[in-house]
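The structures come next, written out as structure tokens.
Below are two complexes that have subunit A in common, paired first with subunit B and then with subunit C.
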Partner chain A sequence: MVAVVGQREAVPCRAAGHMRYRRRPTPLHAARAGAAASYCLALMACAVLFDSPLVLGALLLAVMLAARAARSGRELLRVLPYVGGLALTAAVLNPLFSHQGLTVIARLGHLPGVGEIDLTLEAVVFGAVAGLKLLVFTLAFALMGAAVDPDELLRAARRVSFRSALTASLATRMWTVLERDARRLAEAQRCRFDAFDPAAMTRRVRVSRGIGVVRAVATGALDRAVDVAATLELRGYAGAHRPPRRRRRWSRQDLAFAAGAAGIIAVAAASRAAGVGDFGAYPTLYLAAGVRELALAVALVTVALLPFTQRRGVQRGAGP
Partner chain B sequence: MRGSPHPPPGGRRHSAAAAVLLITLLGGCGLGPGPTPGGVRLTVTDDFGSRLIYAGARPRISGQDTVMRLLQRNASVTTRYGGGFVQSIDGRAGGQIGGRPIDWFYYVNGIEASVGAASTTLHAGDRIWWDRHDWGATMDTPAVVGSFPEPFARVDGGQPMPIRVECEQPAGAACQLVSARLGALGAHASRSSLGAGAAAPAVRVLVGRWQAVRADPTAAALERGPAASGVYLRPDRSGSTLTVLDAAGRAAGVLRTGSGLVAATRAGDAAPVWLISGTDSVGVSAAAGAFDERDLHGHFALALSGGRRLSVPEVGG
Partner chain C sequence: MSVVRFDRVGYRYPGAGAPSLEDVSLRIDEGEFCLLAGLSASGKSTLLRAGCGLVPHFHGGEFSGQVTVSGLDTRRHGPGRLAAVVGTLQQDPETQIVMGTVRAELAFGLENRGLGAPAVARAVEEAALALGIEHLLDRVPDELSGGELQRVALGAALAGHPEVVLLDEPTSQLDPVAGDELVGLLRRLNQEWGTAVLMAEHRLERCLPAADRVIALERGRVAYDGRPGEFQRWAAGAAPSLQSPAARLLSGVGLDPAVTGVKQARAALRAGGLLERIGAGDAAGPDAADLGSHRRGPHAAGPHQRDARAAAGRMLGRAARRRRRDAAPALAFRDVWHELREGPAILRAIDLELWPGECVALMGRNGAGKSTLLRHAKGLLRPTRGQVAAQGRVALLLQNPGDYLVHDRVADEAAAGELDAAGLEGVGDRHPRDLSGGERQRLALALATGPGPPPEVTCLDEPTRGMDRALKDALAARLLSMSGARRLVLVATHDVEFAASFAQRVVLLAEGGVIADGPASEVLCGGWYFAPETARILRGAGGALVPEAGVALLRELGAGVVPEVVA
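Let's look at the complex of A and B:
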């Protein structure tokens, strides 16, 4: 029942958190953390650079296909309801509170404290594009969480800033510890007989139940601290100094994903400089949608997926 | 209470509140841009009206536009703070210029707007005036004369307001001339002696020598300068001189005998007060003579001396 804190679980846990790195036999997992993270960050940067729904749509396709190729589609689908909800909120709220845009599609009257609420086509489109942007950015980040080894990434960060890496390690590890604690406590609480009888849940019972939960958390804290300390020691934090550089030959996956990241950034930067993929919502809609934009969309998807063709040696190096 | 045929009193109160909110929300709602108001005019100027950037008797307008949308349809506009604040019009931006704070302000029917342009809905016949100017001397210029014949046809919000002409000499030529000009506009103005008007809110036009007019508290604010009145012209207590100020609030010239002024100010949210005044009866007559659209158009206030018309504030160059 009790897993060793911080260590990678070999068996997938049904009740595990939504975002969990699991080593899989795919090119993205096989690539070194630096290259794989750069690849995901390049996709995220692209989502920041462009406002065009055409380009963002192409990026969304690229991220979803990349997740599928990295066999992390399920992880992305798990976060989709949350991210989708956020994106939808942005899309719905923007037209209600934005006073910009010239094409009024509906007048919702006067709201005290807010003034006249006129829905404009431009504000609706801008909100939808902002939602799409958020969706692409967050899914690319989720891909990084699912396919890039966080320990390897933190090990690399430790060479740059020891204390920051330690803090990040603590934060990431403590999150999983607390998550497990909460789940265990919740399960124990659900199993109590009076949980099935809401009438028995008086205020006094609720307070006493709450005190019991706090006591359980407090008494378990020392055990958890020992677990975390052991985990950190295993990860090389026992000696408070910068770890030595690890010499490791660049694999074909390392090179492919590093080149993929550079390619995505190069295509995006060149397109921005050339004015390809322009989009403006205010005061009236403007969308550049020609051959150049189509070429940009195809180029981004192609460059993003090319590194996944490097499959040689992946199976051998992959863990469970 | 389950199954009770009568809702609790609290629930009834909530329903009533929800209904009021719904009615408030639905007031003026509908699909599409709505009916387009006619006769709207748009003027865009720089430096207290001294340089014309755009003047349109028939600007592009669509449906129940706001002042912001009207401006954006007719000029190149950049905004800040979520589209609620105009930063630049046709490349002329607000900010610090030569160490002085300069920004865009707008007036609806000669009255400075108290809310953002994106929240002000247009009405038929509205005169919208955008001006970029130095606000170092005062942030508020509550009323201007350059949108004449407004606000005598209506006041911001589309509702006509009563007009009262208060004169030092109700039977005098200046008072009759001002009343006649208002009558020619179709406005129904009552006439009384200074300070004898009814307490009911009205757009007031005070006609008389400064010595007499200054008894009115709103008019007397001019003696305290632009920070108090928004008018860049300062009469002295005796009414013998009128000091014309520049945009920074410094004295730019002093007008003496035979000088007049046409200015507008406002106390708080009250209706504007227009001043047709002067150092003496000659000045008052000159000011009354300038009480028309041709003379007042595009001026924040007007000073008259020796047959000359001086735009107020004094703008160099």
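Let's look at the complex of A and C:
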């Protein structure tokens, strides 16, 4: 009998691509790590500073467009389901546990341990805004993970705290090594003769194999750690010095993204000081949504995207 | 002047019964290229670890004697201090990369030594250029192939211009082309920078021509220390499994085996008047079909090679007849493509039919698509276009047999009957990690194939990594016995000598496509990189791929001459 194989969908390891830095020919990747990280941190700070859904919406748009310009949109889309789930959870839980707000839209009765649950419009909106805030913050962080060279960043950190930065660097590296180990082990388990035999693969056997794989990865982690420690020894880590300062002239991308970060912070700080983009949920909803807020939203998106116009000198052919 | 000195060194790992090194004394001079030979577990890796200070500082254990490297006593100076004068490359490149980009990796050791930024930048650039990895400098390690990782790890070891480099099987994960390139590169660095090289390696035929000296270890002791040619002579009597194919060929016809490569072996055969007789001189050799009987003729072959050669001859004709008669191949790839979502096509329009009873070697450079093809055969991957069809069960043994073993006892992995069938009686209570490399592989193969009759298709991915010749021979015999029972055996391998020892058919892949497919005697005889040493010496005459077949050919055609040479 001829069996057609390969029809089963391969299990893609989606986690593998999450927030992994890949050098690409974009202005954000071309900027020095400090400038690029400042830019992403400025977007994150902005998300913390504002509660207005209008401003947060503008920031979300800015982050997504920046990710697209940095050719990291796919990475952000991959984390979106997880971050979206988290944001949704925040949005759902807040009205259940918050007893504030005056506009009751539903009475859900008594819940043991929580008490009377009255859904208020204010709590629902506040939860949604909190979710949106979390979404913007995390996506900006994901953009940093995808577009800022972690080595360069950690190298800078090593000048301040050598061993902590190196530990962080190794943890980053070990994560990918262990991820690959786990994938390999799981693949090998699928190659065992009884892997797809329903009679042999009872629930107990499956659980036992699963535990075995987890244990093997954990044990392998120790072995890997020993191997990596040996490599560190061989590279002279024991007698390591602080890395030397690299004197590098600022490129137009460095300047553009540093200026972009400063611009975002300046616009945000000035707006906050002027009371632009105010939002309050309790006791009743208040949203400032005038020309000034619209101008703030447009300004944030524009300032965030301007650095991407600096395409001169961006290395072509780097990365896929 | 000696760069490395071992004086009566002995070492036992913590908790180990037997010492790994015993009374080892040797000196390596400046600019010497030394090859470290020996069977598995003979102490090669331990000796290298003693040279870089990991033994005893990192591993602990009982250490006696003295090792000095560039005047630094390893008992008083740890690996960190020694790193300034010793560059070390270990077996697994995966765990030797600790930073997030290649550039950072090359710079790491130099920065740890406190070098200034310009010096670091220059050394990184030079090391990258020397190793041909300048295009990888801004890449992250996770995106690199095993061969690329190996070169990066070597670059990190060489960036600081060490006085001596210690390498533990650096070519084990490389294809023949990359392996030759690496050895050539080491030789160039050795000659131009004066860097001393001490390299442990199983595939001696690849490294012997570059070596100035060979040190052979046997159960932790130095069994031989001398010139490569003399080593071949010594190995012929004391350790035949360490002999290169060229030396085995010459020994077989009664000539002096003291040769280090193809050129010398051909000169020796020419001097014996044998080369002209088989027509393997500068002109093309005689038609393989005319001399096919020698490939099939098992007169002087070793036990399993003899079987292999005999089976090969039978199978070639049998397979051809079957293709005409049978409708269903054991495994068929029909216009199979594997295209990455954000990357290139790994497989491109593979059309391949493999038949029951065939022993097929799948060869090609790193990244040619061999492992991907095997994963499609097993059904672990789905073609983006095309179809894979198998007649019956498909078993796949992946590169790391240890990945199959997830329990604490061997008996928990497989039933007693399966262990007995795999030749693993009496190991049920042991931990799978305590098994030898060969035992672990047999167990993993048993888990992949299952009890009862062997599956219709058995695929193996790079099964000979880190194996010495004895283990490879045992594996080849096992594969041949499987194919003998009308089962298809498909093996992806970089090891040309191993492929020559078992394969009847060879499929050569390049950039995801099949570029050659035919009997081993044709595919492996026609090339330079993808050709065993015997075929290169005899220029493919008679389709002889292994020394035993070459000896049979030479004896038959040179009848009357060989005995005189022997005399």
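Operating definition for what follows: the second predicted complex is superposed on the first by the 258 of 320 C-alpha atoms of A that agree within 3 Å, B and C clash if a C-alpha of one lies under 4 Å from a C-alpha of the other, contacts with A are read in each partner's own complex, and residues count from 1 in each chain.
We adopt the following convention: a contact is a pair of C-beta atoms (placed from the backbone, for glycine too) under 8 Å apart; a residue touches a chain by one contact, two chains touch by 3 or more.
This structure is a prediction, so every number in the text was calculated from the model and none was measured.
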{"item": "Subunit B versus subunit C as contact partner of A:97, first or second or both or neither", "value": "first"}
{"item": "In the superposition, subunit B vs subunit C on subunit A residues touched", "value": "C"}
{"item": "First (subunit B), second (subunit C), both or neither touched by A:283", "value": "first"}
{"item": "Touched partner set for A:151, first subunit B, second subunit C, both or neither", "value": "second"}
{"item": "Contacts of A:213 with subunit B and subunit C, given as first, second, both or neither", "value": "second"}
{"item": "Touching partner for A:275 - first (subunit B), second (subunit C), both, neither", "value": "neither"}
{"item": "Common ground on subunit A, meaning residues reached by subunit C in one complex and by subunit B in the other", "value": "none"}
{"item": "List of subunit A residues in touch with subunit B within their complex", "value": "97-100, 102-112, 115-116, 118, 282-283"}
{"item": "Subunit A contact footprint on subunit B (complex, rising order)", "value": "24-34, 62-66, 68-69, 72-73, 77, 79, 82-84, 115-116, 118-119, 121"}
{"item": "Complex contacts: residues of subunit A adjacent to subunit C", "value": "1-10, 20-23, 74, 149-152, 154-155, 169-170, 172-173, 176-177, 180, 184-185, 187-194, 209, 212-213, 215-216, 224, 227-241, 243-247, 318-320"}
{"item": "Complex contact set, residues of subunit C against subunit A", "value": "52-54, 57-58, 78-81, 83-84, 88, 90, 92, 94-101, 103-104, 108-109, 111-117, 120, 138-143, 156-157, 328, 342-343, 376-383, 387-398, 400, 403-407, 444, 447-451, 455"}
